[in-house]
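Should a chain be cited, it is by its letter among A, B, C and D, assigned in written order, with residues numbered from 1 in that chain.
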Amino acid sequence: MSLTPFKTALRVTWADTDAAQVVHYANYFRFLERAEEDFYRHLGFSFIDITKRGFWFPRVEAFCQYKKPARFNDLIEVELTVEELREKSVKYGFRMLNKDTGVLLAEGYVVIVMADKQTQKAVPIPKEIVEKLKPFSK
Amino acid sequence: MSLTPFKTALRVTWADTDAAQVVHYANYFRFLERAEEDFYRHLGFSFIDITKRGFWFPRVEAFCQYKKPARFNDLIEVELTVEELREKSVKYGFRMLNKDTGVLLAEGYVVIVMADKQTQKAVPIPKEIVEKLKPFSK
Amino acid sequence: MSLTPFKTALRVTWADTDAAQVVHYANYFRFLERAEEDFYRHLGFSFIDITKRGFWFPRVEAFCQYKKPARFNDLIEVELTVEELREKSVKYGFRMLNKDTGVLLAEGYVVIVMADKQTQKAVPIPKEIVEKLKPFSK
Amino acid sequence: MSLTPFKTALRVTWADTDAAQVVHYANYFRFLERAEEDFYRHLGFSFIDITKRGFWFPRVEAFCQYKKPARFNDLIEVELTVEELREKSVKYGFRMLNKDTGVLLAEGYVVIVMADKQTQKAVPIPKEIVEKLKPFSK
């Protein structure tokens, strides 16, 4: 079963571009993270709430395939799906599209782990967060 | 046969870090690109020379596994290897280590394509560049 | 006479922060530029339109006073005013406030010049742009 | 009396540039901070040492005049001078030059304050740091 992904949009700024006059390849990972932040805000929490409980969400793997260059002023839609929801980690798949033309710009994934700030060890994702992520997972 | 990788070092700056007090995950891709730039400088050319000939080197795939966080002021050694040298593309493997402790921080790869700036199509990598990359490829 | 400034809002992302757990000081200038981009979009043009006519808007001076730190997830309101509208340059004053609390975070200005891309010399700002900026200038 | 400034050099990377094919204006402030970090390293301490003592060095004012654009691959020399050394703050003046051509690219200053991390109030700069900065101040 394929669920509707979480969708959010962002505008490419001048500072996102490089001398090739396209979005710098590392900035797609910033866009991805912004989508993740919007997703958590939509679900009713933030990285800060996680931090306050003594946890954080380090990234352990990130992958991107670049399909077409995004340019200054483009409106980009980021689609986020919970591809794998494990006890201690989440794998988000993403697609980025030009919102006006529908052209696919990039796709990939990121794997994040719930970690204890003190011990730096992976820990189970708190139950309330799991419950909030479930409706978006396959 | 395994060849000696190209090695270069860089210092983590304050601006590379984020509120988790570690290097922001997208910045490893900036570090990787800096290593690639140093590599080309070592080989005697730069992105600019490529650009002047009407080409550029867009990234088509990027992957990183994060092993241990890098922090402000850390000296990072980036090792670059030419994992695949194809007619129109190059796959660079990389490893990033804390230069003082030898701890592995991250590893992954990037695939870049030689493209024509006008047509945006992939083209064969110029022979002189191929010759310069060969000694570093498997 | 004091005119109503142009106002726009943006959300602080994780990538905007540094290891002091506040927005990195250089990023206020990125926020300022985003506000300027939103302003032009509001007026019906973009940097790209300017570029297509053979011009660009290099910054010649930038100044910021930091009042209170902005943090991850803060919603920031940027107020932009046309402080000086000269033949070849514009001085924008700005204020950034926490949109939820009203606390002043930063204020300052930026001076930009209309320049010819070929000659790199300052040129008069095109009349249509002057007309669009006038209602926002003192 | 004019003292010799602290000098350090850095290479412009692709990620520092924007679609105008020059260094993005906010990145000069990153370069300035890197020079400050190199300066402290030269003096035998780092932001981290300051942090461990419960202090930090927030920026309260930053100013830059942009003279000539810096471009990808340029080698930039940053000159740093201690323009004012006060009880609780330091004003650094800076100049950035193209190291190969000697052309002045940018100049300006930054004012930083020694602050207590807990109270967020300005505090006197520790005596050992004052002693280290004195030889570089007017």
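What we mean here is this: a contact is a pair of C-beta atoms (placed from the backbone, for glycine too) under 8 Å apart; a residue touches a chain by one contact, two chains touch by 3 or more.
What you see is a predicted model; the values in this text were computed from it and never measured.
A comparison of the B-C and A-C interfaces places the larger number of contacting C-beta pairs at A-C.
Using CA-based centroids throughout, the chain positioned farthest away from chain C is B.
With centres taken as mean Cα positions, chain C sits 28 Å from chain A. Taking the mean of the C-alpha atoms as each chain's centre, chain A and chain B sit 23 Å apart.
Chain B and chain C, compared by their mean Cα positions, are separated by 34 Å. Residues of chain A in contact with two or more other chains: 14-15, 19, 22, 26, 30, 33, 47, 72. The touching residues of chain C, when paired with chain D in their complex, are 19-20, 22, 25-27, 29-30, 33, 47, 56, 58-66, 69.
Per the touch definition, chain A reaches chain C in the complex via residues 11, 13-15, 30, 33-34, 37, 41, 46-48, 72-73.
By the touch criterion stated above, chain D contacts chain A in their complex at residues 14-15, 17-19, 21-22, 24, 26, 71-72.
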